[in-house]
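Note that chain A is present in both complexes that follow, paired respectively with chain B and with chain C.
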Partner chain A sequence: MRLPLESRVLFAVAAALVPRDLRPGWRREWEAELWWCQPFSRLELLQRISGAIPDALCLRIDQADVLPVFRRTLPRPSTCLAALLLLIAALASASHGFRHTRRALAPVQLPRLAILSQTGPFMGQRLGLPAAKLAIWTSRARTLEGASVYIFYRSVVSIGAEPPRELSAAKAGPEFFSLLGVPAPLCADCVVLGPRFSGELTGRTVIVDGRRARVTAVLPRAFWFLDAAPAVWTLWDPASWRAFPDSLTGAVCRLKPGVAPATAERELRQLAAQTEPWAPGRRISVDPLRDIARRPLTALGPMWLAFLLASCLASLAASHGRLFLMLKSALALVAVLLVDLEFGGATAITSTGGASFGDEAVAFWLLLTGSGLALWWSWRDHRQRCHHCLTRLSMPVRITQAARYLLEPSGIELMCPHGHGTLLTTEGSTPESHWAPLEIEV
Partner chain B sequence: MRLLLVSVLVIASVLAQAPARPDFSGHWALASATGTAPPGNLALDIEQATTAIQIKAAWQEPPGGSYGLTTIGIVTPLARFTTGGQEDLNQVGPFVFHSRTRWDGPRLVTTWNTSEFQGHSFKGTWTRALSADGRELTLEIAASDSGATSTRAVLVFHR
Partner chain C sequence: MPGLSYAAAAILNAVRSGHPYGFDIMDAVSLPSGTVYPALRKLEKAGLIRSQWERESLARADQRPARRYYQVTRAGESALGEAAQKYRFPQEAAR
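Right, the complex of A and B next:
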């Protein structure tokens, strides 16, 4: 089996960690494991191979007495930076290569796409639109090139000989995929499968919502439309779910070239006011898909940059190891931001292109407290490092006696393991630290 | 040979002691409803096998297109349930209908819950029973929605 370059490199690194005498057997075992992963994408393969690193480390630890090595290595400044880089690498592995962050940074291919929604009377909550009214507005609007409804739900799906299972699904208007520029036709007796399925299913028959349907297309892996990631797309029929009259649909539109979202918004609000007695407190919004995808970065970015700037300024004011402190703080802040974006709900987008109150609040507070804690840890760690070689100080000793507190400074003295100096941290109402270099090097 | 004979006798005795299951098969028209307002001309076509039951419903769409959600899962074109207590999945409008059906003496009890759709979900229990002459089917519904509103209803069908 021929592995992609990045997987080969990672595999070679893992193999190098395995003790020499165990390496041939370990290699055979992992090659057999990877043979089963041939249909995987490059990213999935890389993720699978990343599991070889802890496996190799286990073998290494089993064979060697690594404790003295750890004791020597852990206090080094390079170990601290390596640990932070390793943490970021682990985050990359757990988040499918920073999926959400990449999406927020990626250029939007169809910049004229926008989500139509109406703000509700409760705290400006974004709601869907009544499908029938959308059809009237879009037929009269001069700023829109086209629009389509969509709605997310759960469906019972059976593919091939598999037993029926519950999957996320969506219904969309016939013009939905053409608006998005994806060649995936939707019709009454056909469905489009999401990117999680293999392209080989095209043309096969599946059972969706208890009805047989032909698969006309499987969406490409790069396809993204909000966060629901439905497994199956079926055609929206106005008669669908007539017994559930409260269901509001989402709506996506394409603006005509040169039309600003604000212009379209004004026109649609006027149309809405003309065609129906509009409920008070409700307004139509037109939000470009590009802005929706980038909102996590635009919302959290300024606060994060402020923390970064503060850490840089604090690093410049440090008495020693400025570059190390700057790097350490920056890496810690990057890790916090990535955790927030990938796992903190910062990038969660509702079906109408908004963010839920809970997710936004959690993401904000996670970044605020996470960044604060990261900087606190970074600064605290830095205070306990040698001013000469930046190794963590060790051998804490309590200085002076309780009976002489008033006469001499009391505190804890730490020593550089390489003998570069001692640090005395004094206690009391104004704690201070004094670095005393030693002239004798061990 | 002796072992086979004993096994056959044991199975035969167990079968002889098992209570007879009522047969819900047939065409049932709604005769009365209390606690809910089902759509007009509601009728059920039930096919019952040893371990499964299939229910086809037909009804007249009300002018407004909507009716009480107490009858969710009943007013649906087709639903299939196994009677051995396994989980069944059916599609009911935008909801996935999770249910387990088992016999409780002569009554067929279905406990169910739905997936969430736009912040709403439902759960409940149906109890089906036949009258002594087999000409009347009673369906007791106990349902509640995610807002903790509970309803109870009884639908009576005649053959």
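Right, the complex of A and C next:
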């Protein structure tokens, strides 16, 4: 049985915990049980396999000894770093191997393709274009090789014997996929399915918005066009839009070889000035798709790179305590950044990108809050560690009473489990921490 | 094994009621695999259940891997008898 990646990783970790002599029998038993779980969803399978860890621990150590082992292991600095690395590995699994980040880092993508948009007068939002205007631009502009409209919407789709489902869908002009260089013909009574579907559906009939249509192609797994990721692509019908001449649609274009986006922008502005009345605050943009895909990294990445570089340089000359603090903070911040990049939905922030305007603001707020919390946790955790061995301090003891703080220091005293020293955090209007090293080893 | 916990007793009861392998026991007692398997190890170590592998020929005929079956020992029966006075087991466990 072929398990999904996250289940395979978990199973391998559990198997590594089982004592070597018991491992073949343990594996045989679990694999036999998991064979029956083939119809299960990934989540159900993961839930079942998660029990392999306690089972493996039970075999490794007598269960009564598990807690003391955890108590000994958890306060160690290496456990803290391992937990953060495990968190990043879990994020990798949940995000299909950092899909968005990998795409943003890919060397060359979607050459000469760009999104056309115009900035409206309302809060500088980037809007789409009226389809009629795009037709004029395409016929007159010398910098454009071709262009196509597209819109994202929700559609009711029924495939095979499955009941109808509401899915994300898109309508696009007939030349859309040829512009993108994907062999997927769109016609009036046919549809193209997104990469989430199996290629076996090609040639079959599906029902989209109550109309029967033939599947002409299923897009390849590597296909990407902004973050909307529609399940179904149908043909955009200009006739249905004639009643709404000012309605805006998304527009993608291919620039002629050697034409820079800025040159195309200049030409389109001149065309707009000649063919339509002047409107305040309007600005025409030609955003290369490659730049849109890289936007999260170009916007946020340098900040993190600078921090990581500064951490590495600072740690070279600093103590192992500071190195640990820097490593821990960097890993926590990287985890926050990855969560934001992969799940924040801020990859495409224009109205034509399939993500709502709110996504960008929410993603940025999450990034700031998450980073602040990560740094606060890192610093707070560091203050409660032994100055000598970096183990978490334990055995809290109250020292005297708060009412007697004029006579002697009062507060909470924590002790290093290895006996390297004590940390007294005093109470009062200005709480302070005093580290007192001990000479005796416990 | 002095005094079975409720989970251990419920698992023992499920095995005796005809749920002989891990995932079947999980479904019978509605406990996660992280509770059932360690409990099975403990019960086996205490001699309250014993396990044996299904015959390879049977599994091969069905084109699937052989399962590990558990069954209650005599000591397990008496421990379960004592536990039954202390706990009430759900009827669903019985097949």
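Methods note: the second predicted complex is superposed on the first by the 322 of 442 C-alpha atoms of A that agree within 3 Å, B and C clash if a C-alpha of one lies under 4 Å from a C-alpha of the other, contacts with A are read in each partner's own complex, and residues count from 1 in each chain.
Here, contacts are C-beta pairs under 8 Å (C-beta built on N, C-alpha and C of every residue); 3 or more make two chains touch, one makes a residue touch a chain.
Model, not experiment: these values are computed from the prediction.
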(request) Once the structures are superposed on A, label A:W35 by its partner contacts, choosing first (chain B), second (chain C), both or neither. (result) second
(request) State whether A:P54 touches chain B only (first), chain C only (second), both chains, or neither. (result) second
(message) I'd like to know which partner A:L248 touches here: chain B for first, chain C for second, both or neither.
(response) first
(request) In the overlay, answer first, second, both or neither for which of chain B and chain C A:S155 touches. (result) first
(request) Would you tell me which residues of chain C are touching chain A in their complex? (result) 21-23, 26, 32-38, 41-42, 53, 59, 64-68
(message) Touching residues of chain A toward chain C in the complex: what are they?
(response) 25, 28-29, 31-33, 35-37, 47-55, 57-59, 63
(request) Note which residues of chain A are touching chain B in the complex, please. (result) 151, 153-156, 164-166, 209-210, 240-248
(request) Under the touch definition given earlier, write down the residues of chain B that touch chain A in their complex. (result) 61, 64-67, 69, 75, 77-78, 89-91, 93-96, 98, 115-118
